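Next up: the structures, one after another.
Each of the next two complexes has chain A plus one more chain, namely chain B in the first and chain C in the second.
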Partner chain A sequence: MTMNKRLSILLLTAPSMIVLLGVFLLPMLLMLLLSFQNDEQAFSVENYLLFAKDPYYAEIMWRTIRVSLWTVLCSLVLGFPVAMFMAQATGKMRGIVTMLILAPHLISVVIRNFGWVVVLGEKGWINEVLLALGLIKEPLRLLYNELGVVIGLTDSFIAYMVLAIATSLYAIDPSLSKAASILGASRVRTFFTVTLPLSLPGLVAGTTLVFSLSMSAFVTPALMGGTSVKVMPVIAYEQIMATLNWPLGAALAFLLLGSTILLVTLYTRLIETKRYKEVFSS
Partner chain B sequence: MSKVIDVELRSLMKKFQNNIVVQDFNLQVEQGEFVSFLGPSGCGKTTTLNMIAGFLDPDGGDLLIKGQRMNGVPPYKRELGMVFQTYSLFPHMTVAENIAYGLKLRKISKSQIQERVGRVLDLVKLPHVADRYPKQLSGGQRQRIAIARALVIEPSLLLLDEPLSNLDAKLREELRDELKRLHQEIGVTTIFVTHDQEEALSLSDRIVVMNHGFIEQIGTPKDIYNRPASEFVHTFIGKTNRLEGEVAGHEGDSLIIQTIGGLLVEAKSANLMLLPGQKATVFIRPEKIRLSADTAPEGRNRANGQLKLSSFLGSYTECEVQANGHSISVKLQTVDKGVELVPGKAVSCSWDAEDVLVMPAERG
Partner chain C sequence: MTKLKPLGLITFFVLILVNLPFLVIIPSSFTAAGYLSFPPEGFSWQWYTMILERPEFIESFWFSIKLAAITAVLATLIGTLAAMALHRYKFRGKGIINGLLLSPLTVPSLIIGIAALLFFTRIGIAGTFTGLLLAHILISIPYVVRLVLTGLSTFDYTLEKAGYMLGARPLRVFWDITLPLLRPAIVSGMIFSFLTSFDNVTVSLFLVAPDTTTLPLAIFTYMQETLDPLVASISSVVILLSLLFIVILEKVYGLERLFGLNSQSH
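Presenting the complex of A and B:
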């Protein structure tokens, strides 16, 4: 019986296992090996040492993290009210909002980013309107800097934040805020002492997701950051496709992966205290 | 000393869209009183409670708590205690933190909080669960903690929104007695919403019976049970036998009614405004009817018939007697050994004229 069951599980998962092994794990392993090669194709750690020696790379790494953190913050601040609205809305309204949030994702990210270029550029309508109203004297620089990248990334990933937090909010018994209110808590107080702490699982999921996606984003920084705001995925791409220095490109990619994993692990360790586990474990 | 009125509702009205759900609600609750809102679901009792709590704003009338008009005052400024049907304990706080929540908001010192939390935990007899999380408690324990959390802020008024309906039968009874004990000990003015007549009868000083957004009757449990103001009140509270007929005549302070089946029923101190020939309905509680095996001739307040069913229910036995085309239910104390309760047996039902209730038949 168990033998049969195991065999069927093995057979059922075999196709996806083979694909994952062949196109994901194996190339990853090859890239890892490649990152430890020097010009003479001998084993060396010089690609990684270069990162430590040359402040250029460290600065790009720091910028990647900074842009990702800003994206997380913007998605959180803009997304939380939307999630709260969804949690209070009727089933039908929830469906409509979910659709509105996901609809932009039906269009390629490249096209959406170009849409932002049109809106945010020096001759974009935001600047035109502000100039016409006389609120500014010169066009604001909203593109080809970190602000532009954060705007683009927030637009790309905010849906994940909203849906993750909304799922957590749906699970909160609405009578809890009534209970807080009758005990003397104002709406703001209720939010910070009841709603926010109870939405932590969704908040952790949303922030982790948006952070990881922002760290590894390539298209948006390339299109909306231009040449002046380079991030790790962009320089890894350049090393591999333009400079043809595959070992360095591979090393940069693994440094990005390593730092993302490290930061996400530290973050979740910090939040998931003993109390968190006691409250949210089922 | 004159009575202190803690809560006053003056012609309170609430509508949702064009649906009036509470209308012309007038009530004064005295300090220390335990008042129940009783009625079927959708009768407006919870809506009224939510208006008192401040979760809903009345569309008409005035609400006064301790003499102050409360219309439009948000719940967090009303200084009330409330216990919800679903317990509503904060799952991310321990029992002690749950209870301390309202005290912290009132900027009470840490040592004071600790002392008051301990005292209220003793009051609900759960001093050992302070450091547990709500999900580690049983349903009954959770509701006790919810009561403790509501009481610790020493509210001017305690609101209970069907707090026992999520518990199983035995626990419900236990917690009902607990509520009674707490109310006697603390004496906090309490408004209790329930659809369970037994809870209302056993706990309340006064009961407000509601139906379709209107108050049907306000009275003590005994009043409500023995002198119902309407057919709805009488049939909603306790089981009853309902016999239709018409007024045959008056005899001193008695009213004689002839039922459709031909029974003659005499009612003492009934509504003597009823005129002969007028349609009327007679009500007799099952526990007021006696059963005997003699075959005395039928007469006033006496019906001969056949025993159809008998169900032994421990402390009492429920019987159904078919007599003159009426199906009469009788509730007998099991100690009664007079009659052998075999279905098919000829029996005689009788009752006293004092236990008969007469109401004019409802039109329609």
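Presenting the complex of A and C:
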């Protein structure tokens, strides 16, 4: 390697490496060390053990997982048909749908959540319409509970699901479905034996992504869950910014990250080693 | 075409849903009433003139614009340099550097924000503009690197060689050949960095000083106490501004390509 080339590489990568080191790697390391500190600033694992001891935290973790799973389910049920539509549509139509589903993502989540608060609130659009039609007598509680959070998160992350599945569907050879129907398979049968198995890699990518994003979402649970839906990111935030117990806050954040990675790994292992191994190996 | 119908209906429904917040916010911002209601009562610009009477929103708006603009320029510069090194040269540790550059995308913003707060407090830049800026640059770099690498994948190095053979100096070659060919990728990187910074809440949350806050964070805080049409009018302004950038992004690069790279990252 010439001196010149080595210098070029160094100069080109140095600025980004400095930023990564100083704003990301060192801070993460410090955060990890701090999470193992007790009140006397000595090394201890008690921040992590608190989790096992105190049912309050276990309940919050379970709520976080539950809300994330519901979000995955809603995004999947609503997103799969959209992906299928995109795969069957003409180029121009596909472009329009893509644009309309992706553009909202580039607008602040705070603003999108505000829109939902206006729609779902006690005097919101949905309740006003249902009351006016006489379908309900009292306003439905659609906000500041887990339902509200799931709606907000689904809206936030459904595009990732749609895009992941659509990418898989685009790659399926259309003659396979044709072959299935020529051989006499019904449309439902074709879906379950051809389309669904072949779209599994996209489905797994989409569900994993939406799950991980939901687990660590802070803004939507804070705005649409209110004080009644406490999830892990919210209590980690409270420990850091309100209680000022930084070691505990750091430990809570790492516990959240650790359990997300663990669950995602278990899930992908489970699916990829089962029946559809060959789809993933290709 | 008949078999498209049920799918088409669901797709239509989902498209309405994801765009519903905007369809609701904009009409609500023109209400003549003092509260949010459906349907909006009357028509008035009062909630827009009201913004002008709230200095905290005006200040945080300009603060956000300034922050996003500087983030966009610096992140694009830093990211483009790194991407060029990754694409042009083969060297030891290249895989590691590539992985490192994309790693901020795989860690939740919440953790990036907390880690930055803890570290910045130690080195004395917590709550400063510099600290906030550095964190925003960090979360924008991965996007720039990916965009520029994609742009470089179709880059023809013989054009640069031809420039040198015709006697151009390195800087001239860079300015007249390399840069124009990479322009779509660089412009998209810049716009995407701008929007990433301008929309961010979760990282900013931990790093702003109490008196200087970003616009999304100001809305976030205001919303937790008061829900009135003022939020709608401010949001409408932001929506229009973001739409402008989205249209440019779609024209220059294409949203689908942009998100394709986003979803691979996790």
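Methods note: the second predicted complex is superposed on the first by the 258 of 282 C-alpha atoms of A that agree within 3 Å, B and C clash if a C-alpha of one lies under 4 Å from a C-alpha of the other, contacts with A are read in each partner's own complex, and residues count from 1 in each chain.
What we mean here is this: a contact is a pair of C-beta atoms (placed from the backbone, for glycine too) under 8 Å apart; a residue touches a chain by one contact, two chains touch by 3 or more.
Nothing here was measured: the structure is a model prediction, and the numbers come from that model.
Because the two structures share chain A, they can be overlaid on it, and in that overlay chain B and chain C fit beside each other without clashing. Residue contacts after overlaying the shared chain place A:128 against chain C, while chain B stays out of touching range.
Once the two complexes are laid over each other on the shared chain, residue contacts for A:58 go to neither chain B nor chain C.
Contacts of A:108 after superposition on the shared chain: chain C is touched, whereas chain B is not. In the superposition on chain A, A:181 makes contact with chain B only, while chain C stays out of contact range. Once chain A of one complex is fitted onto chain A of the other, the partner contacts of A:49 are absent, as it touches neither chain B nor chain C. Here chain B and chain C are compared by how many residues of chain A each touches, and C touches more. Between the C-alpha centres of chain B and chain C, as viewed from that of chain A, the superposed structures give an angle of 90°, to the nearest 10.
In the superposition on chain A, contact of A:249 is made with chain C only, not with chain B. By the touch criterion defined above, A:194 reaches chain B but does not reach chain C. Of the two partner chains placed by superposition, A:136 touches none, neither chain B nor chain C.
When the shared chain is aligned, chain B comes close enough to touch A:173, but chain C does not.
Taken over all C-alpha pairs, chain B and chain C come no nearer than 11 Å in the superposed arrangement. For the contact definition in use here, the chain B contact set and the chain C contact set of chain A share no residue. Residues 173, 175-176, 178-186, 189, 193-194, 197-198, 275, 278-279 of chain A are the ones that touch chain B when the two sit in their complex. Listing the residues of chain B that touch chain A in their complex gives 53-55, 74-82, 84-86, 88-92, 101-102, 105-106, 133, 149, 153, 159.
Residues 3-4, 6-8, 10-11, 13-15, 17-25, 28, 36-38, 77-79, 81-82, 84-86, 89, 91, 97, 100-101, 103-104, 107-112, 114-120, 122, 134-135, 137-138, 141, 145, 195, 198-199, 201-202, 205-206, 216, 219-220, 223-224, 227, 231-232, 235, 238-239, 242-243, 245-246, 249-250, 255-256, 258-260, 262-263, 266 of chain C are the ones that touch chain A when the two sit in their complex.
Residue ranges of chain A in contact with chain C, taken from their complex: 1, 5, 8-9, 11-13, 15-17, 19-20, 22-28, 30-31, 34, 78-79, 81-82, 84-86, 88-89, 95, 97-119, 121, 123-125, 128-129, 155, 158-160, 163-164, 167, 187, 205-206, 208-209, 212-213, 215-216, 218-219, 222-223, 233, 236-237, 240-241, 246, 249-250, 253-254, 256-257.
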